[in-house]
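The two complexes that follow have chain A in common; it is paired with chain B in the first and with chain C in the second.
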Partner chain A sequence: MRARLTLLAAALASGMAQAELRGSGDLGLVIERASGSVQIVETTTPRSLGRIEGLGDLSHATAVFSRDARHAFVFGRDGGLTKLDLLAGRIERRIVQAGNAIGGAISQDGRLVAVANYEPGGVKLFDARSLELVQDIPTGSKVVGIADVPGQGFIFSLFDGDAIWLADTGKGESGPRLTKFADIGRQPYDGLITPDGRHYIAGLFGEDGLALIDLWRPEAGARRILAGYGRGQEPLPVYKMPHLRGWAVAGGLAFLPAIGRHEVLVADTRDWKQVTAIAVHGQPVFAVARPDGRHVWVNFAHPRNDTVQVIDAAKLEVAHTLKPGRGVMHLEFTPRGDQLWLSVRDADRVEIYDTRGPSLIASLPAKAPSGILMAARAHRIGF
Partner chain B sequence: MLRWIALAALIAPAALAQPSPARQAELRHLVLHDCGSCHGLTMKGGLGRPLLPEALADKPDGFLVEVILGGVPGTPMPPWREELSASEARWIVEQLRKGNGDAR
Partner chain C sequence: MRARLTLLAAALASGMAQAELRGSGDLGLVIERASGSVQIVETTTPRSLGRIEGLGDLSHATAVFSRDARHAFVFGRDGGLTKLDLLAGRIERRIVQAGNAIGGAISQDGRLVAVANYEPGGVKLFDARSLELVQDIPTGSKVVGIADVPGQGFIFSLFDGDAIWLADTGKGESGPRLTKFADIGRQPYDGLITPDGRHYIAGLFGEDGLALIDLWRPEAGARRILAGYGRGQEPLPVYKMPHLRGWAVAGGLAFLPAIGRHEVLVADTRDWKQVTAIAVHGQPVFAVARPDGRHVWVNFAHPRNDTVQVIDAAKLEVAHTLKPGRGVMHLEFTPRGDQLWLSVRDADRVEIYDTRGPSLIASLPAKAPSGILMAARAHRIGF
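So, the complex of A and B:
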């Protein structure tokens, strides 16, 4: 035993002499969507620590993090599931688990990674350590909006099935116990879970409104909220679907996208009634609340994706309008909200703002960057 | 008369101007990123159907051009008429048929 430890120490000293000990709390990933690569970034300096290649088709890629925030699980469009070691800066394992995937989630205890698939549909559960398949949940539909729920489970929506399923993975060896919610509305396109893990909200493409499930009272079924928000007006063509994960819940209010409209809807989280609709620059894609909840940052769909707006959550109006450049794909705060990172795809750069101004403090080169995912997501429900 | 219309339909595609090289670069970018966000950067499909040559083989050009310009009501496929001319849509169809959708 002692010999083995000495050997390990020697190996560490020689092979990794330049690698200092460090934590991962200030690390993040930048997805480079067109080149199948990611950069590992560090927000304290801020700087890039390096690039990892060979992750496949990363259009629409996202990632979740292990509970020790050392590993990232990257979900690629081509069904690739890649486990990265952020500290070693390398791929630890990689599998191609389906023909076409859209996203994933990690269980509350960190043991299971769930992947939502378009082709052949369904959800697959993998052992987070080995990436071995643990369970397959066929759905007969494209799956969207998957999130972890408190108590060992996952919840997700069926785009073609007009349903929401809750999979309880904590019960025995016989596979997950499924609760299926019907009558949720037409064509759910994405979903989110509120920061406290209590409510799941699916956005609907097929109608004006969203579906809400109270996980404290699943027997009550799905409830329609903000129904008819378009008041019968014809929606605009939707050139990019809004993304709900990371959508803003701040100060007792939920900020939600009005699909096909230049509006952010605001609902009171106590009764889920609409408070107002805030007119914005374009069709919102992401709206992300600064961790303290005072501001909500919003980006927009093509062809208005050169702009970012900052909503004042107290006044419920746009406070700032920024023009970072064409193709603003994603927004991510540092865990305490001192910085906002955003990706400008067509400018091949990531911009970092001091959120107090807001003012630009740094910019890093990146190849067609899309998602920016901080390792601190490891400790948030629904991420 | 009918014969003339048929003839016009036959020669129309060739008579339409090709996009300029600069515009072709913009269209490639649009196909890769904005079509790719639903159909995949490799055109293997996603929320939208695959756009690989074999997936399009049994669909006539005119149909595909109309889908691009007019969208598919009831699905997330939006109409691109505001941004693309008919000749640009036809050029995109040609590129997809050649497997040039994946422009990486």
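So, the complex of A and C:
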């Protein structure tokens, strides 16, 4: 009897510890880059729900989310792929799948996780449930800028191959069908899918301009846009290449971090011609649009990374300047845009703003935080 | 000892029944209009997780979702407001808050639920946690087309008042600050927020054309767009006024169900001028864009409601015609667009399509299903 009671009590306790019944729509992850750990946060209170350790090298780490927003797949720089259970607060599975990786993506139906690898260069596809290898796509090149595309596929760029590949994974057992785009420009270093899911744009490290593919008309191939976008003929000192993934699109305009200049460029998304340039505090790294598009938040490269500016997308000028502290690494909105979360690496904290003022509403301790990733990314194309 | 054991066992059993640990991102609701019930579904398998009964009159019912995607707030025609716990599979709270209601919305921060009432005419704001009344906004008119707007507020139209009101609920305790737009046209009957969160558009029952408010410049007031949109000078027989809320925006174009005509109209979202009209099978009711914008799915009014057509948004022509059966009431995509769910009322079933073919992948029994609402609406402005 006592034994049964103990068993029951243990089951109850473990059930309660693991199974705090809660929705997963307001969860998020904070990457703690120096300690190989992440914090699970929720945005409603807001607060931290706990820390998970043992994720390896998380410098430059990113993550994608399962379609039920319960699991995160964290891509580490050391080739580690870690599946986290956000509700149970633990690592569900972890593999080291390559020597050096740069990021990943999850398929539209949530069944495949793709990892972009530097060493050996290529893309590996894993079963999202088991993390078993499903397919290996060697490329003979470092792979960058991977994203899911509508209709079960992935698109990515080959840094050493001067190419963009589209892998259609939805056509049965014989492996993905590959479409290879050449003549895209030299050394693509990052890529993104536009928020409407239609265009893939790759930044070029080896020359000025960007490569654009219209996913509605892949047969048209890549075309070059924004010829002046880049490091220029006489390169300026570039402290950090900006993240394309942070591009903001608002009101038919794209807001791009300029490279090497203290400017955010504004381009018309219909013809991808530059409309204007907005003077900002430093070399921008991320320019992220609030979900309603009215404001674009910008952070900056070292040594000006203590500052964040907010651009008014209607007036095309800086509306607010904030000084959160040294090492503002990343900006992330809650899905409807009521809050903005940012990481202040050197101050070991995450700050949370009400986006209306903006005004600081909360601050959470974190160890050298970098990326902040909301679980609602599960529901967005290209994230 | 036995008592403690029984208590523990009961707690464990109820804990297990309630607490199947699962994410909420892939959940959805199917409204069963005739029986006052809903089914909770999940899209990953896909399958039904169960039925909840006792929700009152669900003809023309709709729902919004909490920011953690755990709870749904169902607005019944009889003035009932029911808060469902999707994870526990039960009614958490239910009130009858008016004699006759038409819909509702949830605030950007998830704290307030607003209900638009016909009788007595007005908007009531409730605490999303407790369903306690927070604020009453009498309007002296039936209220239609309510939606949340960025920055803690709601916008709605007064059918009898020929007006649109914007209620800012974010400015402290003294109640919402109201901005009233007059001269918007006669008898607004529905309204929507454009997917980018910037514009509110109201349809007019009393005259042709639509009223548009730019939320970035509310001081500019309402302006009239698409002067030819409506029942026309010599009204055609209109079997069902189309739902504005179904409007598709894809690739800079809006796809609108024409009123009384067998056409889907296409307008440029920059100047809201009509670009073309696409001939379709019947009088369209909903025209819904797949999240990547490439396809627009359309259903039709009685007596042609056994058919669904798929428009190719690049070619601006019908690409596919499906015949699911009599009484296709509603269409809903999964958030990344891999699946389309539709309700076939007279066949008592819900059909689920892989949107690539499209091809039917599953069919679920349901009692006279009408609305299908995915929990990921929690993360979208204006839903």
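We take it that the second predicted complex is superposed on the first by the 358 of 383 C-alpha atoms of A that agree within 3 Å, B and C clash if a C-alpha of one lies under 4 Å from a C-alpha of the other, contacts with A are read in each partner's own complex, and residues count from 1 in each chain.
Note that in this section a contact is a pair of C-beta atoms (placed from the backbone, for glycine too) under 8 Å apart; a residue touches a chain by one contact, two chains touch by 3 or more.
Everything numeric here is computed off the predicted structure, so don't read it as measured data.
Residue contacts after overlaying the shared chain place A:109 against chain C, while chain B stays out of touching range. When the shared chain is aligned, chain C comes close enough to touch A:68, but chain B does not. Once the two complexes are laid over each other on the shared chain, residue contacts for A:87 go to chain C alone; chain B is not touched.
Of the two partner chains placed around the shared chain by superposition, chain B is the only one that A:237 touches, whereas chain C remains out of contact. For chain A, the partner that touches more of its residues is C, with chain B and chain C as the two candidates.
In the superposed model, A:361 makes contact with neither chain B nor chain C.
In the superposition on chain A, A:303 contacts chain B only, with no contact to chain C. By the touch criterion defined above, A:49 reaches neither chain B nor chain C. When the two complexes are superposed on chain A, none of the residues of chain A touches both chain B and chain C.
Chain B contributes residues 29, 32-34, 36-38, 40-42, 44-47, 71, 74, 76, 78-80, 82-83, 104 to its touches with chain A in the complex.
Every residue of chain C that touches chain A in the complex is listed here, in rising order: 1, 4-5, 8-9, 11-12, 15-16, 18-19, 21-27, 42-44, 65-71, 86-88, 108-110, 148, 150-152, 170, 196-198, 215-217, 250-252, 270, 290-294, 314, 334-338, 356, 375-376, 378-381. Contact residues on chain A toward chain B in their complex (touch as defined above): 33-35, 57-60, 77-78, 99-100, 102, 118-119, 142, 159, 187, 189, 205-206, 237-241, 302-303, 327, 345-346, 368.
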